[in-house]
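First chain written, first letter: the chains are A, B, C, D and E, and each begins at residue 1.
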């Protein structure tokens, strides 16, 4: 327990440093972006029929939400705000706190990503075990190659293909938006059903994108464990197959927890594509929008939130790992 | 001539800021290995034999004490400056399988250090080839057949010979052989031991022999000295045959008692010594380090640390308050 | 229930491994009898086929290997080579205890010893799990360990010697009376080795076992075994009572092996190495005597004819030179 | 000298053996041949492909986003240009950038991993913290944010940025390889013999890791392709010449490839190119895995 | 691909009920947490549905001051444009039942002035600004124009304002607000301070979230999710009896392709203009009930030159390019559905051009596609043709480098096509995209590009039309009725036309000053100026007018009828206005 607490403390310390660094990086990158959002906004309003003066004033009011002062002052302000979980105000949302806008979007990213990860994890490790056991057969080969392929193909290719097939060629699934409006939001069958129906393709894309990785990782992990002496020893002691299978599974899954965090990072990164393709109003789309709208505070916030989720996922995965690996629990260094 | 006084080495578990564990691997060891001489270290697993060997070969630093190589003190020198001195001492690893680079032929393996020397002394390429053949002949290998082979094409014994040949390319003054025969098939073991002895006699190389098999210590030369090491301390030191015949330290006696008796050829010793408990590194450091396991311990042993000394009536140095001869080793039936 | 020590009759056992060069025998035509209640030691150098043979006793040769011929009759079980499925599984552990080579790693690193013990009990349908734990604690205590503490430990919390003792406990706890120990002391230091060997001897005597010890170290066999069998290149070249074989080895390989042991006392020049090097699966001669390349007594017939194992009293030797000699004297 | 000759001739024989082994491994699964052929095909396409077409692709204003036909196997784009021609001419930018990415990723990653693993100590700590950080910050969002600051006007620049962002994984892997090799006796022996670090790294460490690095390089190529195609697809990068990502963007967001099946060919072109490239590299990596890793060699 | 749920039948009293599905093309990316606040950029107030203006501007070719009734039932504009008197709908009520009063209107106009509004600009000396808002009685408001710098568009500036309920919003304006506003329009330190304060109020207004949508429009907001917004009928709406749909669903979209999707599935009852490829258009037209209405869209796009870069300083080069480019082909490739090839470059959209310059239109050079003439012009410019390629006079290579923001698909398509045409004509060319519009505008204004695309001819007000060619981007700024000119490359002047141009048949003109005059000119006064400016633009070619946009609206007759006619002046208003005016009827 002490070890876990110590690990947690170490992770938290490192995580906090990391977050500060990322916040700093994103702050400065974001401030050095070229492009004049003010002029763009004026032009946009003019196109919508407002005249120049009015457009300019309206833009001025809008951009009043942007912090002022020297870069350094802004930085100090930003960082001290960060400590209070205040990420500034969004311009495109007319001064709404960035945290609120992010919170709204986050649920549309986090939930599908989690469901997708879990789904692909479950199916992936089962298939991985199978591929490992049948590794010299045709089927194992096909599984492994298809795993590599899926692992290799970028998310947007999967997303586009799924969308083309299931939403366009054979339109059986909704290809955009998160839910239909006509259902009263809440716990009713219609609403939940609509949510689920709209989530199928994005979740499937997340799952497919991650699934290949699981197969590969699980396969190689199982192959390694199968070669371990204790498995043969258990067999020689006449242990039941089911128990031996559990031994293999638990030992093989263990190293996958480190990959879990990595894959979460990958998926969250890929959210931009998937949300763009399926018009899912999550963090990725928000980031993309904020970039085109030059909504600095929002852009920085979205980027930070994505990074922080990955850091947190990393920590959780590691803690989980140490919770089930007795070697780590007792403070021994385990090389993975 | 290489001597050491009061060599201390403490390992700190790396990478752990909080609550680092310390391992006292060496607690003030003195040694002296004359030119062309031989010394053997024996002791239980984890008592610090390898550590000391690596320190002597310059592969590990030491924390306290003094090491003199041909009269030059190493302590005040920087790592870089120590190197040329330590080059006179070459290490022969326990595992001949990992000691050779699988991607390089014997020729390439020998060529690199020879080329380096040729470069330093302005010798020709022909010299290198000549010398490569020479060192191989020295270790009893046929250069014609061996030079072009890769390690995996050689047997364990041949590999170990190549490893020794490689060490000889730099004309070392001393070879440190760490369990150099323990991983070699029984039928080949003597060959390597004979080779080491032969090299001593022909080239005047001194040999430091690390082993857990006391019997092998005799085979590198009957003029050799034996160091019995226990938990980082030399507990008995003297001529090999003297100690084998008349060990006085209970620890030495335990070690010798543990040697299997070849029933049918040998009769077991009459007074075998068995330690009271098994080795526990975390035991208290007060008094005699062996006290808790010692069947003969006295009052003094738990409070005072005996130091390596010569006492009357005992030809070898020992670190025991109550040295006593016991008949522990098996003797051949033919002698009886 | 006290079963008596079973006898084991290995007859004409041949085990092959599939390699790029085809199926090659790692154990060839081995015939060996383990007397009930005896300790038999098998020595041989690396790659001589010891482990393979030990695994054959449980019909557990791992792919790409397979038992190509022969039988392993065990009292109370019949021919193990013919056993399959659940029968085979039940036999393992319950009838035959196996202590793994490198027992260091024979435990699941994620589970405590106690949990693995329970798994073992469940696998073999043990109803009285408490009794099993009691039995295990007793065994461990017998071997000088604190049973409760050990059962509560993970593999990494135990030292090499302790793990080996746990291995022995797991092999015996289901009351198996045939125990196979594959290199039980490799990688342990002298004092621990002596300790383990003592335990093996004592437990063997107390429980009335039939024990097979496999090792490359003649010293280990000399310490524990009643009978000694010597393997070379997949063949059993000599067997007999330990003391007799050690005192008067007949096969030139056995003789060379004993001569090559570094000795604590006596003239160091008496010991000498065997010339040549041990064969590997690929370099074992396909016909004729496997040892001829290194043999001082090599004759023409050795090149073509595989010497038969010939019994002479309690001794069995497979060597043309020795057999010829015996015949001459007879 | 004769010795030298003999040794070099046997190493030549070894090499021949190696190629024979490669051939055997490739032959064992025909899919691997397909992979190798595809990889060569892509190399050919990137190097020589654009030479088969005029600098200015002919366009046909009467056939705008036309469906596949005999004349245009995958249809035409929104300007009436042949999709296959676009895929081929667009490959050079994509593949060149990916190659630069891969080279930088691997060179930087290997150098840092080697240095870190070999030196250990303080430098190792610092470098690994840095690597951790790089691995944690998600690549794509960072690229998105960066794409607003950076001008990826040429393939080389594109590759440079992607490479600079991508070395973390390789560095990590190389470091752990180095650490484990370091423990092997032969590295220690080389140090004991006083061989210069240059020799140890160049002659002892690197050759042992070469296959591994080569595989990483191939994987980095695909990574490079995906990242840049993805960025162009999202439309956050300005472009000067056509490339696969820009094609995807145009197909989906301008030509309605996901709405009208007639424009599907326009979408399929670049998608197919990416899929085939992935497949090719997966198959080749699979073969390399077996060639270089005897442990995985299933008999 | 929605599998819509069953229609909630909360039932409307008149018109037949039903669900009306549409999209607000001005609001991509619905924000579920956005307030029902018409000023908030991501707010959930939808024009014509739950957000009301005083009046709805008609899509008139030339007159900016024509409206349909909104909150205002009728209005009178003083002949000299000095004031407008507004009569509020007598039956207008907020959805909570309270009547709409003159106080509501006055407060709304005040709020408008804090967030930026043509008639309520706080810049000192701005044109067409209201000097006074007067509550005549509970249902009448009179607003007067500050005649120091009058504008023809004053009435439009007043009518085109949101009206929100005072009882919800009044807390936002301080008691002394109107004095502050007056002060803000002066100059000096006090005025600066007042402007700051108003700015601060503006931010509060933008961020204000009414606890509940209280609307005087035909609908009120029921709920929003990230995919859609649902509005239900407001029974208190003054014309509720004639409002057909019981519910309105506004779909969210992030990219045009989604709108195409919805339309091809026949799911939208109405959608505003979006660019689309021909195939998609065909598919949409094939959807059951699909119907396309086209009308006037007062904007055109031109290929504008940076005249401080060689060789674009030479008018012959610009003319040569105009001859070389086949605008028909460009339009066909780039904007087949959304534009008609420009007849010529007049600076005016071809539809109102007839009204403004009449017969003079025929005298303008049409720059018909003519390679021979292009070569002549290039030669006149001193360019050389070597090896089939045109080079600069000194023999150095010439490459027309066109820029466009990567997000503007039709512009890129157009440039790609122009590039092909130019290369075919011996002029080397390239298209370089720029990450996005903000960057494009910044770099364009900084004079970094040679050639860029530029919106022009923004009608219907004559000043707005030419302000795009002869306004700030070309060096002329119009502050407080005074025109100033900054040199090329300075103060946002990236076009860099000559300050004075000798126009054939007109004489020397200063186009910037002429343009400024249009601001206060009556249509009669404006016409001759428009002729002069059109001739200037036609001869000097600061930009080549490529195509005039067409306002294409999509409707579906399966569920509702009563859609506007082709070219109707309702066409730039959205369906919310059509519905509230009682035009839309449920299909029986």
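As a convention for this text, contacts are C-beta pairs under 8 Å (C-beta built on N, C-alpha and C of every residue); 3 or more make two chains touch, one makes a residue touch a chain.
Going by UniProt, the chains are A, D = Peptide/nickel transport system permease protein; B, C = Peptide/nickel transport system ATP-binding protein.
Worth saying up front: this structure is predicted, and the values here are computed from it rather than measured.
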{"item": "Number of hops, chain A to chain C, where each hop joins two touching chains", "value": "1"}
{"item": "Neighbouring chains common to chain C and chain D, by label", "value": "A, B"}
{"item": "Chain centre separation (chain C, chain E; CA means) in Å", "value": "93"}
{"item": "Chain A and chain B, separation of their C-alpha mean positions in angstrom", "value": "55"}
{"item": "Rounded Å distance, chain B centre to chain D centre (Cα mean)", "value": "50"}
{"item": "Overlap residues in chain E, where contacts from two or more other chains coincide", "value": "255, 261, 407, 435-436, 439"}
{"item": "Multi-chain contact residues (two or more partners), chain A", "value": "34-35, 167, 175, 276, 291-292"}
{"item": "Residues of chain D that touch chain E when the two form their complex", "value": "56, 59, 61, 64-65, 78-80, 147-148, 235-240, 250, 252-256, 258-260, 262-263"}
{"item": "Chain B-touching residues of chain D, taken from the complex the two chains share", "value": "1, 3-4, 6-7, 9-11, 14, 184-186, 188-196, 199, 203-204, 207-208"}
{"item": "Chain A - residues contacting chain D, complex", "value": "14, 18, 21-22, 25-26, 29-30, 32-35, 135-136, 141, 144-145, 148-149, 152-154, 156-157, 160-161, 163-164, 167-169, 175, 223, 262, 265-266, 268-270, 272-273, 276-277, 284, 287-288, 291-292, 299, 302-303, 306-307, 310-311, 314, 335"}
{"item": "Chain C - residues contacting chain A, complex", "value": "55, 58, 60, 62, 89-94, 98, 100, 102-103, 105-112, 119-120, 122-124, 154, 156-157, 167, 170-171"}
{"item": "Touching residues (chain side chain E, partner chain D) in the complex", "value": "255-257, 260-261, 264, 276-280, 283, 329, 332-333, 406-407, 409, 413, 416-417, 419-420, 423, 430-436, 439"}
